[in-house]
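Each of the next two complexes has subunit A plus one other chain: subunit B in the first, subunit C in the second.
Entry: the complex of A and B
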């Protein structure tokens, strides 16, 4: 640093005829604290305030409203960890994440590859795949309830295909409710995967593709060995987006099944909201804190991953 | 990108994509079809006669505007600060904000309910705008910081040599150069704010303060389970978004794809 200052002073002395040593950016840049303060205050204020407050509430027996609060220490946590409903809601989150992420990735790649192959009416297919992403889950929920009901569209399609034995009330059956919600989520989010892969695939170097083709690689091999390695970053981005969606999931399970029947499609979001609405604010907050710890762990992992991949990119 | 030479394989591909897209279309067709069954247009008439019908749209619009304004301003300022200005412990502050990246909104309800009640914010739009913005900013900031990192420092230095302070540099260099990113962010935040369901459900009580996502559910509680009117409500509330998407296709797709822009 000293040397640098020395250098810049000497170049000043010599004058502008000589190329002046460029001062490092960090030395000259103005302070940025005021610029980041609003975002910091809002996010950290709201979020860490809520986290702190949740931790406090989780040690209480409280209905969430009245002035009567009783300190119960860690009792809520003991009860929570012994609650099979909470564990099954976490398990459902894992299943949801794995299945949605896998199928979404597959569908996204297939759609993007096909629509990159000069099929007719590509714009229309694109709009139809992406439309479900735009419409609010809460607005689509009654539609999905209708489609998945006993005499809904899904069952009539199955019957007309000769699969009448499979018809059922998809959301009211304990063996299918979770899968119905997973299916609905794939319906409403496959468009994101498609758009991401579509964009990533248009970045693939055309000369490499041409070279592969001259070497005799067919379309499938081109996709697997040339295109796939190029879109790896997109798969990671999708994993991040899906993890966020899985941890936050509320609208679909709440509006489609209320977590039922018999808690077969329970998710942490629904669990926390139901306990809160049932005036068990303390118990609900204990579940919130556990979910928060999981979410925080996930964000740390993701931010690390993101920064590392950026650094790798810059180093390239 | 993929070359399909023979006519047969071209037809096969076309059939394949059509079959794959069909499941995505079915719910949309059902939505429109069922909304007209029974009373036909009467279902739509019944929906428009819901008390404060137009308020649902106005309220969602106001909330979306508030969230967009706050998120945009805070994101741009924050990205400039984190990317180009001098901050001791920059990464520490950044990570503290990023801690909220995966925060589930449901955990905000128990602590914010008594707080908003005490501050007199309960059942005002601020009770939705503030937490929704707080949940949006970490993600938009992550994207935008990466984007602003890509703006060459030489450009900022040139501005400084020309006598621009940080405010003018922000206004005349950062804002115009980040416009493509801004469009993506605004669309992304708009979708998330307009589609928000849980926070309005928890913090808005008065019938005059309800938002579009609550309209289809109105007929579930009121008339037990009147599907035709629910779906008519769904069509009416989905319509503005569908029109906005078809009109601004490129921006919507870019907004949702923003996660992939590195």
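Entry: the complex of A and C
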């Protein structure tokens, strides 16, 4: 039975592969372009103009305000690549991405799987899991500061569990400030992963699941071997979303630690903001441009990898 | 048919693009001109706070019915990033506060974006206008011969403010040295009261203020000379300062989480809600002396039943044990500038003139205890201050004003963004890492950048 299903799925995939190729772009022209031209013109005129202007500013020594602008070529980039603070902010971004993405995915899948089973009051749980996503970081930041303070709720819980030796001022400690921000981010965004996985799991063929059950697969096995392959696309999408979010992260580090203490929770967004506020407009623009290139590169890489794996799946 | 549609779409696209780019560009804005002849000017500032701003607005508009002031209070740490684009836009501020120095609102940072107010000051107060202001205030806001802002209030800093009621309750007197400070703190700790609260997180310079107090008790004037680049940060004075900071933290005088909180709002809330007995602030802190303002501050800090208490200043203690009582620092706290992009310069000038160059405006400012009056011979409206403890607090405010006239050391005048950041990291490094004090001092030396002309001052 299982083999039959696999066969039929393979045939479907083969069928998909036989769908006639999409009409080439040339076939859309000439009047097709006119329909997209208004949006295209606005996009180029507003967004790409600003990106171009940032690139131009990045070649200047300029305070962002005065009429004195000195052309320094690539000097800002040279300085940036030699700036250990910028590199450490990027390293924090990598750590942030890996940890947040991993735990968010794990939590999202577990919550989604649990709520796909017959749980009482499921709607309430869904709301509770998703609620942190819709609360603005600016509103939650004072609460988090309080929870993570020396006399905050987290330390009270640790003390009551007999873990008093672990209590500390989480945001004032150079060894924990980054992890505190990571924790807060996971808390505030796990709901997104949950919603995505919940929706993706709704698309899993019920018959396949039933077949797995009949074949004796338990919950974990079904999740790992039946559900997970089906939600792989969601994992990739979540990875791309998380990578972008990590690269442009600003709110929680700025509101909770301002990148400190001693730059221990510095992220590129805070770095750029601080440099701009310190009247180094050219330098902060150079950092923005590098960040943009990294973001584009990461996005292209992940998309290419996803396509390759799709193609490999189709070829199987 | 298709080609007609295409042409229409193309035209629409060009129009949309033009509108889009036009929105990016700098068109003129006549928003401020109402049909009734009333002109609205925009004030963007980190000071005064919103409740005080309403009082200014009311008083100014009462005497200037054709001008309305739209106050926009900007969080002080966001001020530079908000102001830069604002000053390049026709929809930005007409008037704005600038300070003598510092990384946030130092007048020199905005030199090209604001008008030279020398002609206005001369026309209003005469050629000797500089003499009509307190010592050095005009010079401190003058950059390259241009008066960038007209002085409004002066500041005297390095005071420790203390809650007299709490001190009396436990029969304590203000400490004058480290040992006394430790004893006072131990007594408060035994009674579940925080002794001293400091918010050294964020970008505000309060950690640096305490470090400077310590450094000035080791060698008076050294810290300012280091700011000016006359002496090195790599010095025994600075390393000893780091050691004293660490000792204060180890002894529980500085809270373990001082770096995790900011002076505003957290540390201020802790002091105003009477959970802490001491805080380091400047003359501006007298604005919490009046009963109503104190009650408002306590409510904002979460106190449901505000109690009147007496807050007073005391000289900073000799925290290093070298026998030097740290001197107060003083300079113009902030003045008011006019944006070069203002579409309503005449009205903006009227506002600046009223606020900073008339006795009425100046007295208004010092009567809400925003700071020390900058125009000579102006005093607060003593009978109507509504102080929590008139007998003690009036004398205290008079002492603050007197100190402002005798102080010789400036506060932020010569601090630029790089030096501010260097000091911030020095203090954070001292309180959150085990990095040797000498290494922290060396890092400060390499990061600090003295302002042009500082070494010659």
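Assume the second predicted complex is superposed on the first by the 267 of 316 C-alpha atoms of A that agree within 3 Å, B and C clash if a C-alpha of one lies under 4 Å from a C-alpha of the other, contacts with A are read in each partner's own complex, and residues count from 1 in each chain.
Just so it is clear, contacts are C-beta pairs under 8 Å (C-beta built on N, C-alpha and C of every residue); 3 or more make two chains touch, one makes a residue touch a chain.
For clarity, every value in this text was computed on a predicted model and none was experimentally measured.
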State whether A:190 touches subunit B only (first), subunit C only (second), both chains, or neither.
-> first
Who does A:276 touch here: subunit B (first), subunit C (second), both, or neither?
-> both
Considering only the touch criterion stated at the top, classify A:262 as touching first (subunit B), second (subunit C), both, or neither.
-> second
For A:219, select first, second, both or neither according to whether it touches subunit B, subunit C, the two together, or no partner.
-> first
Does subunit B (first) or subunit C (second) touch A:64, or do both, or does neither?
-> both
A:171 contacts which: subunit B (first), subunit C (second), both, neither?
-> second
Who does A:35 touch here: subunit B (first), subunit C (second), both, or neither?
-> both
Is the number of subunit A residues in contact higher for subunit B or for subunit C?
-> B
When the two structures are overlaid on chain A, which partner does A:114 contact: first (subunit B), second (subunit C), both, or neither?
-> first
Determine, under the contact definition given at the top, whether A:286 touches first (subunit B), second (subunit C), both, or neither.
-> neither
Jot down the residues of subunit A that show up as touching in both complexes, subunit B in one and subunit C in the other.
-> 31, 34-35, 38, 42, 45-46, 49-50, 64-65, 145, 273, 276, 281
Which of the residues in subunit C end up touching subunit A in this complex?
-> 2, 5-6, 9-10, 12-14, 16-17, 20-21, 24, 77, 80-81, 84, 87-88, 103, 109-113, 201-203, 255-261, 266, 417-418, 421, 425, 428-429, 431-433
Spell out the residues on subunit B that touch subunit A in their complex, using ranges where they run on.
-> 1-4, 10, 13-14, 16-18, 20-21, 23-28, 30-31, 34, 70, 73-75, 77-78, 80-82, 84-87, 90, 93, 95-115, 130-131, 133-134, 137-138, 141-142, 146, 153, 157, 160, 165-166, 170, 191, 194-195, 197-198, 212-217, 220, 227, 230-231, 233-234, 237-238, 241-242, 244-246, 249, 252-253, 256-257, 259-260, 262
Residue positions on subunit A within touch of subunit B in the complex are 25-26, 28-36, 38-40, 42-51, 53-54, 57, 64-65, 107, 110-111, 113-120, 125, 127-147, 152-154, 157, 187, 190-192, 195-196, 199-202, 204, 206, 209, 213, 219, 222-223, 227, 233-234, 237, 240-241, 243-244, 247-248, 250-251, 254-255, 268-269, 272-273, 276, 281, 284-285, 288-289, 291-292, 295-296, 298-300, 302-303, 306, 309-310, 313
Per the touch rule, the subunit A residues reaching subunit C in their complex are 31, 34-35, 37-38, 41-42, 45-46, 49-50, 63-68, 145, 148-150, 168-174, 257-258, 260-264, 273-274, 276-281
